[in-house]
Each structure stands twice: as structure tokens, then as C-alpha cells.
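Shared chain: chain A. Partners: chain B in the first complex, chain C in the second.
And now, the complex of A and B:
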């Protein structure tokens, strides 16, 4: 395991080293590229003056708030659509008509309605997060082992307990996968909104660095966003294995 | 054809049937699965249903559970229309692996039935322990179904059914997926559990020996559509014993009769 992951690091580090050597040898002058050493220095600088930390806080606040709202709405709709087939058929055209709209296309409307700032960004992130959660939780509810629903009927579990004690736990491992997917989307959309228009967070940081002709700082932001995305995914994978290791083994495998 | 139910009622002093099928026909997807089935099960009786695969024995059990509603005819429980499933009727499914909640421990799975019955949480642990002990799973309360053998999982499902305190226990080939030794052990345990609780049992199986060994009465169904083809009273002494009961001349006679019947239906 450690041997393998060490080996998998050899190539990227070799490429970086070669790039560093080449940039120094040619005295690279560019508005879009910077040698790795300068990127690292710029990253340290941004940490030292706390600018990148404030930007991270703003971006993550918007991304997580939007993710939370989108998850709650998507989950409620997905579970309801999964249980009530009639409701699902009634809403299917509506859902399929709204879903393909790129969330970023809502930006002009959201800007007029809500102005710059957190609220507008949160609404767009939430919109983007609703769909994967809705679609996957609906599928998860529909694919629950029918025998479990019969057990619920035979035991005469009241409807609320059926949802809470059978449907949600049975669908949870797959819902969590949808949540992981949406967490990634939330970060992408939040940064995109910031790059496009919102003067907040990491996206705005990239734009500022670009306009200041600081490719090293711009790329430092990029590296940092990548690190955040990576860390977020690792965190969620660990949580997933912790929470559903057993369920994933006995449920999906069978 | 004016069969079991009427005959039972005619016997003086015989109690009214707890479960009564009256001319039940079930059509699913344009196909007649069960046709004009009439049958009564007395309180405390152990009825076994056998038949070739596809004869509708599982379907009959699901009708008795209220999981299916008859297309024609009536299913009555204690003289009242069956309608939806009831607390007094518990069903043990063959596929224990699918019927248990994989995210709950053994105790949690038993608890589900108690929660459904509205038992206060303070009273549950003692009852759960008692039930797990009854089915021979003391000390396994904290295990998940995936950590248990097939036989243990089926015991757990039986414990969950007993938690309903059922008047009727419906069992759908409950030991079909278990090895022979486990199966025999569980047969005897089910017999003693049933004897202790006085529950009525409808037991579906494809194992003819098992049907005779367990039952007070064995019904053989004919396929396409499912209907009663043979009905045998089993007058073997209780408690039954894996060796002496199976060597009893009456056991062998019934076994011969039932095998001949099944053979004939398969042609």
C-alpha cells in the first residue's frame, strides 16, 4: 500500500522537478505559468497574510450552506418520489425540464434577485446539489429490497416509522454516495460563481491574482483549491467506510 | 370440493377455524395462480402445505398473511375478513438474509417488532433477551446478521416473529436453505416453541418428510392453477422424535402416499 502510493508519487514529482529546472534554465517570463518553487512561496505568503484563509472560509461557508440546503431539499423530494410512484410520474416532466439547466445559467437571475454576496452563491450551489441527491436517493429508495417492505407491512409499522426505520437506513449507503458527489459539485460551483462574478472567496482570489499579473499566486490558489477538494473527498470516504463498511458489505454485495 | 372448512365445522365440539379460505381465487397479471381454494385451519393446528414448485404454495401463505388480497372468494381470520396484515399473524420468510435489517444487531432486529407494537423502550431489553434465549441465541444480541450463520439468522427471524406474540405463525420454507443437521435441530425447536405458545402454524415446504414430521395435517397442492390435490391427517404421537417418528409405520405409509401424489403431479 505505502509502497504503491510512494511509487505513484514518483512521476508527478519528477515532472515538477523537470519543470522547475526548465523554468530556471530559460528564465521563464509568463503571465500564466510560474515555477513550482515560486508557487509554493506564493502559497506561504498568502497564508502569512491570512488572505487565503479568509477566502477559504468564505468559499467553504457558501459551498457547505448550499450543500446542506440542496441535500435537505433533494433528499425530501427523492424519498417522496421514490415512495409515491404517482407523485413521481406527476413531477417527472417538471424535474427533467429543470434539471438540465446549468446552475451557472441562473447567475444573472440570482444576481438581480439577491445581489452580490453569500446568499446568491448559496442559492446557486443549492440548486446544483439538489439534482444528484434527488435522482440518486429516488433510485436508492426504489431499489430497497422488497422483502424489507413486506416485513414492515407484516409488522404493521406505522408509515413514519417505515420511512425512519426501514427506508432511510436501507437507502443511506447510496444516499451518502450522492452526498459525496454533491460535495464535490458544491465546491466547483461555489468557486465558479466567485470566478464569474461574486467578489468573495477563493474564486475571487484567483481573479485578483490574475489581474495583478501574479501567475505564481494564481496557481497557488489553484493548488490550494485542489488540496481542499482532495481533503474533502478523503474525509467523506473515511466517513463512508466508518459508517457503512458493514452495510456496504452485507447490503450491496448480496 | 366443499372441502376442509365445511367438514371441520360439521364435527361437533370442533372449534371454528382460525384461518379460513373460502373459494379463494387469485389472478396475478392475467394468470390464475390459485383457483377456488377452500381450507380451514383450526386454532393450534400445525398445517403443512407441500407441492411441486410453481403450485402456488407460497402464494397461499401470502394470502393467509394478508400480503395478497384474493381476486375472488374470502380469507377470514377469527371469523373476520383478513384485509391488511395483522399483528396477530407473523410470517417467517425463507430468505432470512433479505428479511433481516443488516444495519441492526440481533437485538435491534427483534426490537423492531416490539417498536412496531408500541412497547416502551424501557421494557424492551428484558423482552429481547428473553426472546433471544428462547430461540437459542443468548449472548448474540450484539451481533449483526452478517456475522451470523444461516441457521442463526433464521432463528433470529423466528425470534422477531415471536416478539409479535402471534396467534398464527406462517412459515415459508423456513429451513429450505439450511443444511440437514441445522434443519433437523430447528424442526424440533419450532415444534417445542409452537407447543409452548399454542400458536397455529401454516408451514410451506417442498420437503415431504419435513411436512409429515411436523404437521397435524398435510395438504398437497396441484399446480396450474394451484388447488388442493391431497389432504392427509397425520396421526403420529407427539412429541415427535427425529429417529422413532421417522421410523414409525404410519410415517412411512404417509410418506409413500405423498411421494406418489407428487410424482403424479409432475407428469
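And now, the complex of A and C:
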């Protein structure tokens, strides 16, 4: 395995080194490219003046707030639809009519209703996060072992306890998979909203660097955004394996 | 569809109609300022007006064009590159991990770089859309090629098939469910990136239309545009499902 991971590192380092040499040899003057060494310097600079940290805080705050709201709404609807088949069938057309709206299309509506800032970004992120959670938690609740529900009935658990003690624990591994997917979506949507229009966070930072003709800073932001996306993904995968082990795997394919 | 399912469907439509009626009621009572929330009647009127004057047709065509070109380019390039990487064990060990590393990158972050290179142009939009849409297709192709039943490769070796023949006759058909699933994911990505690029670069399309409507506080036009984008998302995904069903019919029959 170590041999393979070493091999997988050869290509990125070779590309970076070749690019560095090429940029130095041709004395690259460009508005869109910068040699890797300058990108690293720009990244350090942005860390030193704290600008990139403030932008990261803004982006992650919006992404996580939207993710939290979207998860709560999606989970409530998903569990309700999973338990009450009648409700699910009645709501089907409504859900299928709203779901395909691309989240980013709501941007102008959120803009005139809420103005620039955190709120409009959080609303759009929440909208995007609701659907995967709703669909996957509904499927998770439906696939709960029927005997567990029979036990709940035999114990005469009231509905609230039935949800809390039986349904959520049984469906939790697959719900976490949905949450992991949504967390990735939340970051993507937050950055996209910032790039498109909202003047805060990492997306605005990278746009500003582009407009200021600072390719080194722009690419430093790009690298940093990629690193955050990667770290978030790794963190959630590790958490999933720690918390649920193999139990979550059954939900990954669905 | 049997009778009970049909009845459920009708009931479900009735519920949706009920929500639209509620929306109309809220708009009529002005519970939310009409500047933000037009009633469905006004949104519908704006849709009809837009289509009869041809305005919305050209915007819709613009968005569909961006989406289709970007997505097709991504599909062709994604399958080709994926096939090259996926069909060679060396490439899979050396290249595939770098690609997996890039997967969680929010693709929209590439937009400023594309703007710096290509300006606010159609070429920029096409680059961004195809760059965003290529990942799911390419990674699905690599995965699909890696998951081909090894015995099929043994058959190919004993028949002394060339690498191209192996790709076209064995690996591609066997990986097609993965590839089509990737292409379906990419369709959504392409639509979202089309809208973002239109908003940023002012290219002719629904994204630009909804932004202009919002800036001018023409909420009816804005909702008409958003509804149309929803329909676009729905229709393209249904069309993709149908195509998937058709193209994979041979596999279902085999099982």
C-alpha cells in the first residue's frame, strides 16, 4: 500500500516541478498563471494577514448553518414520509416538482428577498441540502427491519419515542451517509453563491484576487478551497467509519 | 399503471394544486410583499407573455445550448480519458489517485481562473461547464473499467484482441451502467454551472434573465425564469432516465 501511495504522489509532484521550471525558464508574465512557489508564498501571505482565515470562517459558517437547517428539515420530512406512506404518496408530485430546481436558480429570489450577506447564502445552501437528506432518510426509514416496528407496537411506545428510540437509531448509519453527501454539497453551493454574487467568504476572495490581477493569490485561494473540500470529505469518511463501521456501507450504494 | 396507483397520482396532483392555491392566497392577501412574491397567476402570465414574444424561447435556447455543448464535450472527453486511464493498470496506480484527490474540489472555484484566462466569453462558459461535468463521467468510467469481470479480460487475451477491441467490445459495454450514471450526475452539474456562468458573464440565457429580473424587481419574470429552470432540470433528468433504460435494456434481459 505504501508503495502505491508513493506512486500516486509522483504525478502531482512531477507536474508541479515541471510547471515551476517552465515558469522560471520563460519568465512567465500572466494574469491567470503563477509558478507554484509564488502560489505558496501568496498562501502564506494570506495566512499572515488573516484575510484567508476570515474568509474561511465566513464560508464555513454559511455552509454549516445551511447544512444544519437543511438537515433538520430534510430529516423531519424524510422520517415523516418514511413512516406515513399515505403522506409520502400525497406529497410525491409536490416534491418532484420542487426538487429539480437548481439551487443556484434561487439566488436572485433570495437576493431580492434577503439582500446580500449570510442569510441569503444560508437559505440557498439549506435548500440544496434538504433533498439528498430527505430522499436517503426516507429510504432508510422504509428499509428498517419490520420486526423492530412490531416490537415498538408491542411495547406500545408513543409515536415520539418510537421515532427517537427505534427509527432514528436504526436508520442512523444511512442518514449519516446522506449527511456526508450534503456536507459536500453545502460547501460547493456556498462557494458558488459567493463566486456568483455574494460579497463574502472564500468565493468572494478568489474573485477579488482575479479582478486585482493577482494570479498567485487567486490560485492560492483555489488550492486552499480544494484543501478544505478534501479535508471535510476525509473527516466525514473517518467519522463514518469510526461511528458506524460497516453498517454505513449498506447505504452507500443506494 | 394500475387503478390504485393512478388514484394516488391524481390525489398527489390535487395536493400540489392545493399548494399552488395556497401560494395564490398568500399572494392575494399580500402576506408577503408582492415585490418578492408574485402569485402563480402573475408568474404564469409572465411565462405566457415571455413565450409569445419569443423572449423566453431565446433565453431557454441559450441555457440549453450552453448546457448541451458543455455536457457533450465533457461526456466525450470524460469517457475517452477515463477509458485510457481505466484500461491500463499503470495509469490506474499513477494517475487515478490524483483525480480522486481533486474530486471534492468545488468546481465553481475554477470560474475565476477561467475568467482570467478566457475573459467573460462563451468559451469561458463552455470551459467551466465541461470542466465541471467531466469529473463524474471520467471517474465513473475509470471505476467501471476497473470493475470489469476479470474473466472477460482473460477471454480477450486468449482471443488475442487488440487493446482498442478490448475497450470497445468488452470494457465499454460492461462499464456502461457506471458511465451513464455519471453522465446523469453531470447533467445537473452542467445546468447549475450554465446558470452561474450566465449570471457572471452576462451571457444570453435563463441565468442572466433571472438576475436582470431580480435587479429590476420584476418578480413575476423572475419566478417565470426559475420555474422554467426547474422544468429544464426535470425534463433533462427524465430524458436521461429514459435513455439509460433504453441503452441498458440488453443488460436487464441478460440477468
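Just so it is clear, the second predicted complex is superposed on the first by the 241 of 254 C-alpha atoms of A that agree within 3 Å, B and C clash if a C-alpha of one lies under 4 Å from a C-alpha of the other, contacts with A are read in each partner's own complex, and residues count from 1 in each chain.
Methods note: contacts are C-beta pairs under 8 Å (C-beta built on N, C-alpha and C of every residue); 3 or more make two chains touch, one makes a residue touch a chain.
In this text the structure is predicted, and so the values were computed from the model without any measurement.
Once the two complexes are overlaid on the shared chain, A:184 sits against chain C while remaining clear of chain B. A count of residues in chain A touched by chain B and by chain C gives the higher number to C.
By the touch criterion stated above, A:169 is placed in contact with chain B alone, chain C being left untouched.
When the two structures are aligned on the shared chain, A:12 is found in touch with chain C, with no touch to chain B.
Within the superposed three-chain model, A:161 lies in touch with chain B and out of touch with chain C [touch as defined at top]. Residue contacts after overlaying the shared chain place A:54 against neither chain B nor chain C.
Touch criterion not met for A:149: it reaches neither chain B nor chain C. Of the residues of chain A, not a single one touches chain B in one of the two structures and chain C in the other. Residues 145, 147-148, 150-151, 153-158, 161, 165-166, 169-170, 172, 246-247, 249-251, 254 of chain A are the ones that touch chain B when the two sit in their complex. Residues 4-5, 7-8, 10-12, 31-32, 89-94, 96-98, 100-109, 111-113, 184, 187-188, 191-192, 195-197, 202-203, 206-207, 209-210, 213, 215, 218-219, 221-222, 225-226, 229-230, 232-233 of chain A touch chain C in their complex. Chain C meets chain A in the complex at residues 8-9, 11-13, 15-16, 19, 35-36, 93-98, 101-102, 104-113, 115-117, 188, 191-192, 195-196, 199-200, 206-207, 210-211, 213-214, 217, 219, 222-223, 225-226, 229-231, 233-234, 237.
The residues of chain B lying in touch with chain A in their complex are 65, 67, 84-87, 89-91, 93, 95, 97-99, 101-103, 112-113, 115-116, 144-146, 164.
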